[in-house]
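Note that the chains are named A, B, C and D in the order they appear, and that numbering of residues resets to 1 at the start of each chain.
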């Protein structure tokens, strides 16, 4: 699979988690792609720079003053509303956002994540990451399973500074889907064509194999 | 409340070593005309409170390169590499806050509060040295209110009294900064007569606003251009 | 978000001993239809958070006389003498807060904050027993955030998604309560299709609202009347 | 003078304090009357239940959902705006309201006031009084000089619970105008026909006679 296919595979799987009426905040990168796979009027996208009701925008309708948190142009859905940054983060911290889908630099086997700083480099940006972690009712991580140099991004323990003491609920990669239950990582699903051996090999973290849904060729 | 004829006049009272809030999320909703004037003004030692410090060589990024900024307080400096470089060289102090904390601290400053307790950041490097407090079983950190000498903001329309309305996601931090500074100057696309904005649509009531100017720099699909309608 | 056909259905989940926020400044902006239903419902032991506890024999005043309220939290109970009488007899607990503190504590609850420091009340009887803290030379008192199980609010129009707009000074506490309760039911004059309210005029985005009903009781110059347009 | 004349005299004098562009919050009672004597587009009235731009309303234009903090019907001035109670009190506490004109039960010789509770009676209402005291840049008290039973309302020390530890700036009665300077009460003006002896007789508080403006028949 090329990079694009991998990202779309992950985003598509994450989209399946959005069922029933829900308000969803999408992070930068793979999370942004999730919207492409949602065709449900009951899923509402929130962006922390001040809009509930994010939709796609066509090239000719781009408005430079209508962007998402990644500063990419977006559209305005029917029933959308705008608000200032304090009100927007009030929604997030106050648990009025149902799901946040985020990218990570690292995740660990207790569900803690690191996605805002790299030691040795300057700590230069956190944006809304910490607010989303403490506030969203459910947090789903979408990430490639390994970094560019092939190292596992799902570790025994994060080596980068953590984003929150709150564990995420789910991690979706191009290889598998993990759930965090009682502080432990459970692999609940393999992606099509992926074996548990491959997941074990490419994952530093300890996890419990709990595959009840056969997405691939073995349990 | 005064309608200024240009940015130079509007920023006449801005001095070195002041704390200045600057609106915008990146360039969206940033007061580009007023920032442009800051780049021309002979001032330094500024503390700038803004989500970003512009982009490389753009907006507040120019002030960074001019070394007019002593300290930046914001949530996301990554989009301008010059900021990191200046920080490394010890030429620029930085205070990084979670974006929700940055916004909330401005609101607290504007609303006469001393500070507040937030869950955000608890247990992370950004909460190091901050006071923790458990309230109803949940751990929070204390965050003090933020105020400034001057706020430079961007709105869509102003009326002649100084009431402001904003445009879509160009709102962001602007209405909060309007409450939290001693002097508030707003740059707008259009100035209409009092009474033309509906009382229900006004976001920033005029009691917060000290001066307005018509924007000369406008963000378009093709970047920042001069306002030709002027 | 559900559009309920009547108040009884909307309040089906409301139970004894819950904490309920009720919007309004006196009868202005109070959810009169929902309050009316509370007077018919067999519940008691309620904690009611509202600026006032209605007027004598009107609005929440009926609940006071029915002894359904265990505790009232508000800023101004003087306008209903029955409240004072019930308090004297020990039938009703009261917690009096400055009006700005009442409003701010709701906002804090809705915004996920644990509490905040305000200047209001420092050194007065209403601050007795409250923690003081000096920040930048000014003395503040700590006020905890307030939340509720249910908020019953009044808006002007809702769309079918649950977005709300308010009418003039009937806004008051309503948008704040909408953020600070587990279940939020809004009573409105009119329900319009999604898309009919402009994105800039929406005050309460739909993510805060769980249910809406059309108001059957309306405040007019001549007092409270039934909505004949129904 | 009858009660009405007394109230109007006090309100009219208070109105003279509102010069230049200013945002003014008027309390219940005599303060509400002040608006009658203002004919200046630069004076904007704020009411803490959520309106900047209060104006008079004629009987036929009364809107039951448009009221001031005293729950009396008001009108909407040109350029008015509405907001929620938290934002309204943010304006007050945040020192964005220039002047508050308030009634009192008692004031003392250091400028402290009591206007929200009477000991022995239930403490039943405070409303926005404490917020206005800590927040407004200037606080003017308008009050009859004595209570119904003829006792001075300007005392050596308040016997009722104080509203704030912040002193007011000015006290206007039907007999005199006082300013609070460095924690002391200064009588700066006598009302027409009033003698300093009468003021001294009807005032329990110590004050400094500092009458530079002859409103009446003596200095």
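Quick notes on this structure:
Definition applied: contacts are C-beta pairs under 8 Å (C-beta built on N, C-alpha and C of every residue); 3 or more make two chains touch, one makes a residue touch a chain.
Which chain is which protein? Per UniProt: A, D = Succinyl-CoA--3-ketoacid-CoA transferase; B, C = CoA transferase subunit A.
Note that the structure is a prediction, hence the values are computed from the model and not measured.
Chains making contact with chain A as well as with chain C: B. In terms of C-beta pairs in contact, the better-connected of the chain pairs B-D and A-B is A-B.
The geometric centre of chain B is 34 Å away from that of chain C, both derived from CA atoms.
Per-chain CA centroids place chain B at a distance of 36 Å from chain D. Averaging Cα coordinates per chain places chain A and chain B 29 Å apart.
Measuring from the averaged C-alpha position of chain A to that of chain D gives a distance of 56 Å. Those residues of chain C in touch with two or more other chains are numbered 104, 107, 111-113, 118-119, 166, 168, 199-200. Across the assembly, chain D contributes 76, 82-83, 86, 89-90, 92-93, 134-135 as residues in contact with two or more other chains. Those residues of chain C lying in contact with chain D across their complex are 25-26, 28-29, 51, 75-79, 83-84, 87-88, 94, 96-104, 106-107, 118-126, 166-176, 203, 219-221.
Note for the complex: chain C touches chain B at residues 104, 108, 111-119, 133, 135-136, 138, 140, 144-145, 165-166, 168, 199-201.
Taken in their complex, chain C has these residues touching chain A: 1, 107, 109-113, 159, 161, 163, 179-180, 194-195, 197, 199-200, 202, 205-208. On chain A, the positions that touch chain C within their shared complex are 21, 23, 44, 46, 52-53, 76, 78-83, 86, 89-97, 134-135. Every residue of chain A that touches chain B in the complex is listed here, in rising order: 47-51, 62-67, 71, 76, 82-86, 88-90, 92-93, 117, 121-131, 134-135, 161-165.
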